[in-house]
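After this come two complexes, each holding chain A, first together with chain B and then together with chain C.
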Partner chain A sequence: MTAIKVLNKEFATELTDPILCIENLSVKIKTPEKKILPVLTDINLDVPKSKILGVVGESGSGKTMLAKTILGLNRSQNYEISGKVIFNGINLLEISAKELRKIRGSQISMIFQDPLSALNPVMKVGKQITEAILTHLDVSKSEATEQTFELLRSVGIPDPEKRFHWYPHQLSGGQRQRILIALALACGPVMLLADEPTTGLDATLRRQIIELIAREQIQRDMSVILISHDLATISQISDYVAVMYGGKIVELAPTKTIFTHPKMPYTSALLEAIPKINSDTKLKSIKGSPPNLEDLNRGCPFAPRCDVAQPVCFKINPPIFFDEDPSHKYSCFFPIGSKEYDIASEINEYKLANEISFESPLSENSQLNKQDNELVKTSEQLNNPDIEPTSDEVFSDE
Partner chain B sequence: MSQMLEKQKSRRFSPGFYLACLWLLVIVVSAAAAPYIHLQKPDAQSSAILALPSSAHWFGTDNLGRDLFSRVIYGGRVSLLVGFLSIAIGLIIGGLMGMIAGFSQRLIDVIFNQFSNFVIAFPAIILLLAVITVEGQHLSWIVGVIAFLSIPVFFRISRASTLSVKQRDFILSAKVLGAQRRKILFSHILPNILPPVLSIAFIGVSAAIIAEGVLAYLGLSVKLPIASWGNLISQGAQLESYQLSADPWVVIWPSLAIILTTLSLNYIGVSLQRLFDRRTQRL
Partner chain C sequence: MNDFQPLIQVNNLTVKLGRGSNSVTAVDDVSLVVFPSEVVGLVGESGCGKSSLAKAIVKLIATHSGELYYKDLNVTNLSERKFRKIRKNLQLVLQDPYSALDPTKKIKSILKEPLKIHKIVPRNQRDDLIKDVLSQVGLTEAHLNSRPFELSGGQCQRVNIARALILSPELIICDEIVSALDVSIQAQILNLLKDLKVARNLSLLFIAHDISVVSYLSDYLLVMYLGKIVEQGPTKEVINSPKHHYSFLLTDSALNSHFSNLSQQSEVKPTEVPSLRSIPTGCRFHPRCPAATEICKEVEPPLEKIGLRHYVACHHPRTITVKNQSASENY
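Up next is the complex of A and B:
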């Protein structure tokens, strides 16, 4: 590992002027059963100014929790939050609810996944936007209405003077999402969090909405965090991509680099799961399922599903590395394209070919080990009917 | 598709609903306009005692020769006032308490919940008897006690509805846009919990009218020369049996008024509830 430098301040980019710095952010949920689940672990992330940062990951990887934490939506006794979220020199985790309310909407805004439920069903859409404007800006009602028309026009709502008086259920899905974007942009935020803004839409609309977000981002010179589980969506407009897994950021790079040279095996698995029209190879899926937060071990969260995982991956959580290109950071001991990766994959192939069981690197009381032992026990029972013959086997003997 | 929609629209309310509304309209308007339309004085006695319905006295007269038609209409003034006013007060207080408790869900939720449990656990009739024997048979006290007793009903419904509306994304969206708690409560939560609360209110009004009837039967409604539907029934029931068998109309008219009114109110309440349920199902 000589060519690889370890970075002390993880994922802190060399970007000159980040608008939002997340430092060592950890969020834990306290369950009613007094368990503590780590939802986000040691997140270090700089959001570049006037750029679009895409955040991808499977369901449950902590994407939405990240957005909620930035906006302080999970401030309650059920969450244990540590670290820093610095926005314009202010730590958003420390300021009072009142100060936070001033920042919400006017500085940082958010678009939600389901536009129907994110709009009040019994309030005219125009009024919802006007109210948002009146909350933050010191303008008269007629000025706010004028601004609303302007906003509706800019997000591509035809005939805004008429649509102003419509209720959410009278609008189509795409129009609702446009209204929601207009609502989020109403007070001219400098940062926009878009939480899966295209999930509920069909493919053609998806493209339009993504383009709308990109256009508004350029026009307003905003920073955008675009959250999605869909790499293809993100790749269309984002400048950087952060890949999340099991509550950690496992890779961060400019969009192009992520697509051409993924380092983390998880990222490459995600890329292989994108269908390609002109290829004959079967679409690959990632074996296993996303990690259960209760069972996260000390090591790399992806290790149990990783093809090249070695004993060390289960024991130590890999720090953040980067090599020649400092803008490309990853958290993996065996990055794709390195000598270590080749060796590790050869070892695992050899083990697979010779049916050498993978010696469990975990301590005996760990969850995974227990499961393994149980599996071994049950398989022994099945193979050896003398121990405890089940009724099925008795019948088959006759 | 449009045909289906039209069918649905026309089936939104049954004819019974409109009939109930019509009855309610008639009874409310006549009660409100009673002093202005040409009616016989409800307290004016005449020589015709226990007269059967005739053109001079449409509903007949009671044992003091008072015109029953006019007494039933005037009685409606008291009964409807008790019904609507007490429920309106209970709705505003209970509804607000429920909204605040459901939204904040802190100590205030516990306190309001305990208060509502206490009111429910307290025997209603004993409270009514106690307050009215101490404070006298004033309309304001009768309204006040029934309003107080109706608070838990509205508290619970409004709290439960608030809890479910609070989970919806548009509340989160309003928060994200920096809306103040008061604004979220009154412009986002209130309009969304109003339908279920209002439909229960109609049923509550009919319960309050019946409660007034019960009080009257115990002799605890408004003081006697004043007519209320409950008073009319209890007065009629106190007649000698030969008088009652000669002229049962004395009790039939006010009973009919109570039955039809509470029936209409319940019907309207249930129809509204169905409408709102269907609407929320579609959302």
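Up next is the complex of A and C:
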């Protein structure tokens, strides 16, 4: 484990000047049945300054939990949080709720998914914005009102003096989302978390909202984490893309690289599963369904659905690798384009053709014996000589 | 059956929701035909009347005016009891996979219910038919004794499709059936429908708000805006050379072309979809249309033929050259 940590530390310096560093962040939920579900596992992520980082993943992959953890919105007994979230030299996970409240809203703010439930239904929208300004900034009431008009105008709300006195239900979905963006921008944050800002909006509006976020990011020189399940939305404006699956970041690269040379079989499958306008090719669907957190085994979370998965994938969670391009990180033993990938896909094609079934790796997993562990360990070392032998803790949770 | 006889024909259908002064016209003077083994796509933004149209076709909501034909039978004023026999051939799959299934019932009894009502097979063959349909939609017998909450969204949607298929319908109306699903599951369901369409010679009326999803499946495309069809034509023609400015806006906002240049501002004025309660005069799209002139504000453009099965309702249709020549060669 130590070796991997060191590797990740090296990555941290790769991106120039990160504004937010997430180190080994893990979040577990304690359920009423006394089960512990790993929602986020060992997240290492740097958010570059003045750039847009897209986070993409299917439902349940932990995207929203990541944003909530950054803002400390899940501080309760039911969550076990470990790791570090460092913003401006402060570990956000350690400071008191009072200190956190000063950062939240003024320095880091968030746009929530459902604009109707994120706004107070019995409060005029203008007042909600002035309230935020008055809380965080040292200005008079009339100045705050003036700033609110300015904000509403900049996010494209027509006739702000009139809309100021409207309630959320009087506005359309797109306008509510604009209000929410204005609210998030009210105190001039240096970082914006946008959690599915376009979900639930019509296609024509989606583009307008995305363009608005991109414009504000440039004008205000903010860092943005844009969370979405929609790769197309992410591809439009983000500089970097992190792909999440089963509570882990499985691939991270500059946007163009992700779309042209994905390494992780999941990313590639996801790209091929989106229907493209103007294309006749049959969609490639991913078998199975996204993992249930209760069923996550110690291996790669995508292994049960992966076309090239080998026994090792079910047993060991792949660490983070990178090749010639250090900005492109991935968590896979058999990355696309490598020799290992070709061999693995050949093996699986052979198995499929000859109807040789995998010794059901999931059930076998629970009975993994010491001997197997040794074998797996050695094979991993052979494959990746630059990784030091992992300590026993990988296998010791039984 | 004669291939040139439409399976479903809708003439000048108008649906009004609500009563008196409070009513809105959700579907306004819409005509459409679905031929046997054809996939007709219907695309439009939320609140444009897509679902109302779907429900009106299977007579789940009352129509205000217009005619409905099933093959050559006028079913507009048919009694509910008589229409139920026809509805066996016209099945509906709805958007939310969970709420469309009775949460207290096992999958087995959910699938058995239509067989009990329509009695298409003898009692002792019911179980075989259920197993057969279940395997066609990619589920196993192990799912028969589960209840909906034990299944994932994608699996539930498969059960919904199985329930529609079990009566061997001629048409399945799919109302936004993939919008609640994850991308990877969405592809599974779309491919399933594509395969079933070929295997069972099905007709589909596929309704969605996402034009790229609709265009993946459909042969013929209808574009709906505020209760009206603004353009209809063979899918490829509409996608490649949209004539109505709204169709263009939809294809343009389908942010599918990775790295399309954002600086290239969309031509359409950034206004929002008006509600059905305040429909603009003249052409309904004129407040958002880049090519709108005085006439658009006053006169509502009729749906005019501009090609083989291609119609558009616009005073100033787009004259941009065809992006993909091969599309026009097909017709």
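Note that in this section the second predicted complex is superposed on the first by the 348 of 398 C-alpha atoms of A that agree within 3 Å, B and C clash if a C-alpha of one lies under 4 Å from a C-alpha of the other, contacts with A are read in each partner's own complex, and residues count from 1 in each chain.
Simple rule for what comes next: contacts are C-beta pairs under 8 Å (C-beta built on N, C-alpha and C of every residue); 3 or more make two chains touch, one makes a residue touch a chain.
Model, not experiment: these values are computed from the prediction.
Chemist: Mind working out whether A:Phe112 is in touch with chain B, chain C, both or neither, as first, second, both or neither?
Modeler: Only chain B; A:Phe112 stays clear of chain C.
Chemist: With the two complexes superposed on chain A, say which partner A:Pro32 touches: chain B (first), chain C (second), both, or neither.
Modeler: Touch status of A:Pro32: no partner.
Chemist: Contact-wise, after the overlay, does A:Ala132 reach chain B, chain C, both or neither (first, second, both, neither)?
Modeler: first
Chemist: Does the superposition put A:Arg104 against chain B (first), chain C (second), both, or neither?
Modeler: A:Arg104 sits against chain B, while chain C stays out of touch.
Chemist: One more residue to check, A:Gly156. First (chain B), second (chain C), both or neither?
Modeler: A:Gly156 sits against chain C, while chain B stays out of touch.
Chemist: Taking the superposition as given, does A:Leu73 touch the first partner, chain B, the second, chain C, both, or neither?
Modeler: After superposing on A, A:Leu73 lies in contact with chain B but is clear of chain C.
Chemist: After the superposition on A, what does A:Asn120 contact: first (chain B), second (chain C), both or neither?
Modeler: In the superposition, A:Asn120 touches chain B alone.
Chemist: Just chain B (first), just chain C (second), both, or neither: which does A:Gly89 touch?
Modeler: neither
Chemist: Once the two complexes are aligned on chain A, which partner has more residues of chain A within touching range, chain B or chain C?
Modeler: The partner making contact with more of chain A's residues is C.
Chemist: Between chain B (first) and chain C (second), which does A:Ile277 come into contact with in this model arrangement: first, second, both, or neither?
Modeler: In the superposition, A:Ile277 contacts chain C only.
Chemist: Shared contact residues on chain A for chain B and chain C?
Modeler: Dual-contact residues (chain A): none.
Chemist: Name, in rising order, each residue of chain B that touches chain A in their complex.
Modeler: Answer in residue numbers: 168-170, 172-180, 183, 187-188, 191-192, 283.
Chemist: Could you please specify the touching residues of chain C with respect to chain A in the complex?
Modeler: It comes out as residues 45-46, 152, 154-155, 182-188, 190-191, 194, 209-213, 215-216, 239-240, 249-251, 253-260, 262, 266, 268, 270, 272-273, 275, 324.
Chemist: Under the stated contact criterion, what part of chain A meets chain B in this complex?
Modeler: So the residues of chain A in touch with chain B come to 71, 73, 101-106, 109-110, 112-114, 116-123, 131-132, 135-136, 169, 180, 183-184, 186-187.
Chemist: Give the list of chain A residues in touch with chain C in this complex.
Modeler: 58-59, 156, 172, 174-175, 202-208, 210-211, 214, 229-233, 235-237, 256, 259, 269-270, 273-278, 282-287, 289-290, 305
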